[in-house]
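Contents: one structure, followed by commentary.
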Amino acid sequence: MTIYAKLGYTLLGLLIVLNWGFLMGATFRKIGARVAGRYGIPFYQPWLNLLKNISTRTTITHGVMYYIGPVFRLTGGIGLFLFMPMVFTGTVDGPWTNFSFEGDLILILYFQVFGMLGMALGAGQGGHPYSAMGIARGLAQHAAVELPLTLAFISIAIQFDTFSVYKIVAAQQGGIENWVLFTNPFAAATIILAMLGAMGHSPFNLVKAPNEILIGPATEFEGTYLGFMQSAGSILHVMEAVLFMNLVFGGASNWIELIVKTFLIYFWSVFVGMVFPRFKIEQSVTWFFKVPLLLGFLAIIIYSF
Amino acid sequence: MKDLIEKLTEDFKISDVVYQRPDLAFVTVPKGVAISLVTELRDFEGFSHFVMMSCVDWIEEGKFQLLYLLHNPKTKTDVGVKTFIDRENAEMASAHHLWKQVWTYQRELKEAFGIDFPGSPRVDENFVVEGWTEMPHMRRDFNTKEYSQNTYFPRPGRETNDPAEYMRKKLYPNEPITAKKQDNDK
Amino acid sequence: MSEKDMNDKVNEMLQRSEANVKKAEKSFIHPEDEEREVVAPDGSIIKVNPIYDYFSGEKPKEEKPCSGIIEKFLNWARAESIWVLGFGTGCGSIEIPPLVTPRFDMFRFGVQMRPTPRQSNAFIISGYLSVKTLKRVIRTYEQMPSPKYILALGSCTINGGMYYDSYSTINRLDKYIPVDVYIAGCMPRPEALLAGFTKLKELIKEGKGEKANEYARNFDEYKANQKKIIKDWNMPDYNW
Amino acid sequence: MNLISPIYIVAVSLGIAFFMGLLGNKAQRSSFLILIAALLFNTVVSVQWVYALATGLTDPTQIFTAGFKPPFSINLLMGLNESVITALINIVGVLGAFYMMKALKKNGTGSQVVFLVLFMSLNVVVLSRDLFNIFVFLEVGSIALAGLIILQKGTKAVSAGFKYMLATGIISGILLIGIIFIYRFTGSLNIDSIITNNPMLKQGAFVSAFLIIIAIVLELKSFPANGWGLDVYEASHPGIGAILSAASATATYFVLYKIVEIAGSQLNYYISLIGVVSFVGSNLLALKQENSKRLLGYSSIGQIGLLMIILGFKDILGENTTYVAFGILVSHYLAKAGLFWLSGIVKQKNIKDWAVTRKKPYFLFLMGTFIFALIGFPPFPSFFAKWTLVMDLVNSGNISWVVAILFGSMMEAVYMIRWFGYAIKGENENIESFKIDSYKIIPVGIVAIALYVAGYFVAPHSEVGTAINFIPLYFVAAIFILDFLPVFIKNTIAIIGMALYFYFVYPNLDTLRLIFEAIFMVGGILTLIAGYAYKGKRAGFYPVALLMYAGLTAIIEAQTTLQFFFGWEVMTAGSYFLIIRGKRSMPHGLSYMLFSIGGAYALLTGLGMAHAGQESFSMEILNGISYLPYWAYGLLIVGFLSKTAALGLHIWLPGAHGEAESDVSPMVSAILLKAGVFGIVLTLIGMGAANTQYSELAYALGWLGAITALAGNLMAVFQEDAKRLLAYSSIGQLGYIVLGMAMMTHLGWLGGFSYVINHFLYKAVLFLTIGAVVLRVGTHNMYQMGGLIKRMPLAFIAVMIGIIALSGVPPLSGFAGKWLFYNAILDKGWYFQGAIMFFSGGIAFMYLWRLIHTVFLGQLKDNHRNVKEISIWFLIPIYTLLAGIMVYSMKPQWVLQPLGNMIAKWFPEGQLQWVGETAISQYGHWAGSLVAITIIGSFLIVLIILMLSTRKAHKVKQFDITYSGERPERPETTHIAYNVFEGLYKAMWPATIPLVEAWWNKVTEILHNIADVTRRIYSGNGQVYVAHIVLFIIVSYLVIIGG
């Protein structure tokens, strides 16, 4: 495959992911509305919001990092997409593997932080106290989520003897019984629980905590900046789901499968969020140090003997 | 209650005792002993809870009447200590040392009536209105309507109606006025 | 005391207290906002003016709409995505929460609440507005990105309503900030609010939602009115 | 050659003493000159003998007094030992007399006569070979000394003098009984004939030998029967203290040295035992001392104890005995004389009040010289002596003795360094200053110079000392002499010197050493560039900084273990002086020094074990240690871990790095810590690299590294002080390195080395930048900063890149380490250690964000409105290092490939494969430069889009934020900066309890309590002291001879 074709496929994939992210966000809102007995927003509302936001006439800037923060965030989302093999087509040089030849699971794991870093820097330059509070909470929660998640990732890497996401997906092909969900249930359980923290929905949404600390890190962002952040958020949500899909649920062999699986993964966190109220930060940190951490240890212990 | 008041009458020159309810009495004392009486009630008679403090503008007499309402949580009784102060250059001894919440009441009275409480902490700060330059707005001689009309661009053509009258006219224009009087008689 | 005597006395006191007030007229600068000096690490002295140093305070400019079909398209998007600031300024704010309940459900109209003015484009002035709150309203309104819309709720914002003679509430909101839609009533029901939103959407789609520009155009006039009643002005002329 | 006979020492001294007695008090001035002349004459006599004997011009000479041969007459022997000892004594006599000029003149001719008689008797004691003669002159000496003690006014001195007489009286009684007995058994009083007759063959003679030796031992003020001696040291004139400690003790020790033979070697063990009890006991008790002269007294007794140990081990030490004994003796003699004299100049009793010396750099230089000579630092003779002693003791299997000796030395270091810390950094506001008399300081200066000279001459005499490279030290000395020059010139000289040295040295180094040498030298040059930002003279900075670098380079170049240890100690001393330059660094400098010395002693023992059974001292002996290998490698690792601040040994680091000066922090953090890593690497190579022989040791080391990483990072999160935050972060980062090295696989080492380079780069950047910011804003507390991005954009960029690199976020260089570590732990199977490490990485994000947010983002404080960008001299090294980070990030293969080739020498298995830009391990792949290009490309695209769409953005100021309709009141109340991670603290507080610090505090407390309780035996009562002496004799008798 030529580099141009690769680039074309990648851009197309990015477009699909962005729009699917918006649609998924709208669906989440819609589900929330239906649970509350409301009609809810129209499904195209996110696009309208984006359009409105990037068409504001006045914008402010607090300084360079305020500018660059959203850029970091969006680059974080796009980069995550670039390093992730999206659809398994049987060949590593396939059309939807993006630039995953450049790095493996570890790269993806650490590149997740890139977006968060941008958010932190941009929000910091805004000088708003609530932004800083949100970031502090986010970082604490991230560290707590990271521990069980890392254990589960290591467990999966031991299981397949590789860090390559593509190879992990390939090893899960050939039927539902080959999924990590069944072949390595402890790691899968760890990821399924820790995922809730990574997705950042209730009960782990203290980072944003609307109406308590306004909207957390994004408090000072408006207009185009906000539009960028929304886009990045959509991409990141899809990519988180794709990551967990690739690691635990056997990957996807076509876009329809990807959409169905990511929807279900996403729905899991939405479902939990509908049921449980928000945790305080010390509660969420200790929560991850209990059951998910224990499961993560089990996932490793069964492979260390 | 009665015993208590009688016991204190001599020492604090209490006059004008009103026994409102079995557990509520109002006494009037001269300006100079009001704070002493409040202190006495707090420290020796168990009226440890400061309920509130308020002011009435007796413009005709040229007086402000201050009221300190105290509560005894053991006997569940209340005593209101009233005192009159001059309306001109109104000034009263501060009671901020007795309860901290008195600060706020005195700040309010300073703003609303212009009564000064020398020594009370933060007494000069804004309480409800910000940047008020007129006469204290709760004094009866302050003409709020005139002030509002001069200041806030009243919308021309605004009419004021008696709501009952207006609704009757609008909703039941043909019915005679009978029911209202009967209601009142009952 | 006869009635005449009493009137005389009252008049006399009125005159005297006016004199008192004039004598006691003071500048309303909070101690925190007075100019102060701080010592820099190298020992030099820095003068700080808390009211102006921290703010950009530049006057707003009129922002030209895009032309033709593009503006129409953008207006459609703006109309369908109204983000309301969650700021209840008066008693009418109690009418807003029902809007998110299943009975009224404003989300289906593309209306939703937002906690920060930076991300909102509509502001509901809900009912009576005291001078004290007006200051906060002005600040918040100015911080919202343009284009922005004001819905004024209840008769108090129109002509003072039942508080027309109060010393501390304003009578006409449009003298201080431009209003897009008035929703009459005391109080208007949530249905009326929804009707107001529909009206606002119509206005926006017709290209009439340009009140932010009007504010910029008549900025001095608005500012003069605002400053007339807000005596302890402790902010820059325009809050970015 | 015609030499003046030593008999003239006696004759001239006695003659002049009589003459002076005749003169009386009439001619005070001239009588003092006569005294000096007499003492000078003595000195000349002994020195010419030293010269003659040392150069072999003459043979040792016996002098017979009464014309008969012994045993019928008194004979004096002038051998090399005797000549040196008498020379030492006489020199201290001249200098001491000069020092005491005022006191001697004031007290009249009588005191001068006594002084002269004292020295005459000391000379005779040394020279005499006759027991009774020795006894007589010991008596003469002690009477003279008692007279001199009473010179000092006050009842305390009188009572001390009386107690001294009492004690020496008892002791001489014992001695006399012993002499009588021995005469009964051997019929001779001549030492040589007694030895040749070997009285031990005769029944009962052993008791006589015991009595004689125990008397001399008591005369040396053995612990615990030494209360009288301590009182004398405390109460008498400091000049007398110096004579007592330097001359009298030296002479008495020599007596012991002479007569110990009479008991054959049977008493040697017990002499060592008494010595070790003295050494450890008195140094332990000194912990609680606050009186400077009494402290010196304890130290003197301890040193004599050490000398007794050496004497007792002379069979094992063999021909090294004299060398070791002289090394310790000379150091002690010079240093103690100097310190006593200094204490007379300062005139402060309490050691805390020595803070008056703080502003007197030359005074402190003298004091530092003496103290470092006492505790055995290079280049002083005691260092070489201690090295040889430990080597020989370990070689002969006397490990417990080594432990005891090093424990005693450690205690001595504790109180000496603490004292020095007070002098150099104590609070001195309310203390009266003092005046330095030139006649007092000259003798001190002479002994200080003598110490350096002695060190220089002693070094080549040790077995391997000849190879020590003194060039860097000469350079340090030159810079010290040039200390009066302004910073700019000194800095330039230092940089040029280091650059030239590096240029000449680097071709001779292998890759491993080149990496570390580059970190030390290039890093050193870069951090020195920052020194241009300082104005004035910056007195004392350059010598100590260069001293540290001299030590570091000596470690790298070391061919032998002695060179290595020499460099290690030089580096420790230099870094100690660097650290203690900080404003509030006194306690941190102390704890740094103590952990360093403790670590160095572990190292010394380990090196000794490595040497055991081997002839060579080459560094090769670390490979495959055969003698107690687990202990040896364990001790070596512990020694090096004390420098890398592993958990348990880390408590010195946060304070030391946090309080140090702005450009010192990167020196001691980014650079100095790598010395410990270098040591660990050497040890691990020695352990046989790929072998799994010592896998338990490596396993333990790995866990230690992981837990250190977690603890360091977690503590960093809750710091409010920016530099302490970075210091804790260093602990964590070093934990990663230790873990990586402990894995003992190719990937583990690659990760470890990758971290070594990376940590050097970004920690230097961060410390330099934060240090420069601190210089500008004048506070360490992060919550007092904020919003500085607007004032210092360049500093901000540096910190931003630094923290991204540190956190390991791609595309910057930190990710290389993370990626390698993931692969390595999978390879090794250390999953839990790995998980802990990665959790620490997650925690690291928190403090890194804190660092950038609370300092550079958020609200600018009012008083920082006009602060300037950090100094250009800081920016130059910072941006040079940033360029290094960027190159490493863009082309990781340029660094990782050579590293891989180097490591393949020891770990040939599990190498990375490089396909073009992509590194492929067994588990994954990573194309560093492609990733960087991809990320930077998409970043730029997004940035351009945003810039186009917000080109009209209105620039606002700091309070233009939404504040719920209000406006912020102050930047301080708007900036979220204090106790930011409160929620995390609520969840994790049990992990932040400083257990290690509490443990060390407890240890210190227990030691101090023991000292405090034990020293109460010194009641100050003369009878009690006598009882001590008698008890000591009885106990010794029971132990040695048995009931």
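A, B, C and D label the chains in the order they appear, each numbered from 1.
Note that a residue touches a chain if its C-beta (ideal position, glycine included) is under 8 Å from a C-beta of that chain, and two chains touch if they have at least 3 such contacts.
All figures in this text were calculated on a predicted structure; none of them were measured in a lab.
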| item | value |
| --- | --- |
| Centre-most chain [mean C-alpha coordinates] | D |
| Centre-to-centre distance between chain C and chain B (centres being mean Cα positions), rounded to whole Å | 32 |
| Centre-of-Cα separation between chain C and chain A, whole angstrom | 39 |
| Distance from the mean Cα position of chain D to that of chain B, given in whole angstrom | 79 |
| Interchain centroid distance [CA atoms averaged], chain C/chain D, Å | 71 |
| Residues within chain D bordering two or more other chains | 954-956, 958, 960, 962 |
| Shared interface positions of chain A, touching two or more other chains | 58-60, 214, 219-220, 223 |
| Residues of chain C whose C-beta touches two or more other chains | 116, 118, 240 |
| Interchain contacts (touch definition) - all pairs | A-C, A-D, B-C, C-D |
| Chain D contact footprint on chain A (complex, rising order) | 54, 58-65, 67-68, 70-72, 74-75, 78-79, 82-83, 99, 101-107, 110-111, 113-114, 116-117, 120-121, 124-129, 132-133, 135-137, 139-140, 142-144, 146-147, 150-151, 154, 157-158, 161-164, 214, 219-220, 223-225, 228, 280-282, 285-286, 289, 296-297, 300, 303-304 |
| Of chain C, residues touching chain B in the complex | 1, 6, 9-10, 13-14, 16-18, 20-21, 25, 28, 30, 131-132, 135, 158-160, 164-172, 175, 225, 228-233 |
| Chain C to chain A touching residues, read off their complex | 60, 63, 65, 74, 77-78, 80-81, 83, 86, 101-102, 105, 107-108, 110, 112, 114-116, 118-119, 121, 145-147, 212, 240 |
| Residue ranges of chain A touching chain C (in the complex, touch as defined) | 29, 33, 36-42, 45, 48-49, 51-53, 55-60, 210-211, 214-215, 218-223, 226 |
| Of all residues in chain D, those that touch chain C in their complex | 776-779, 862-867, 954-960, 962, 965-971 |
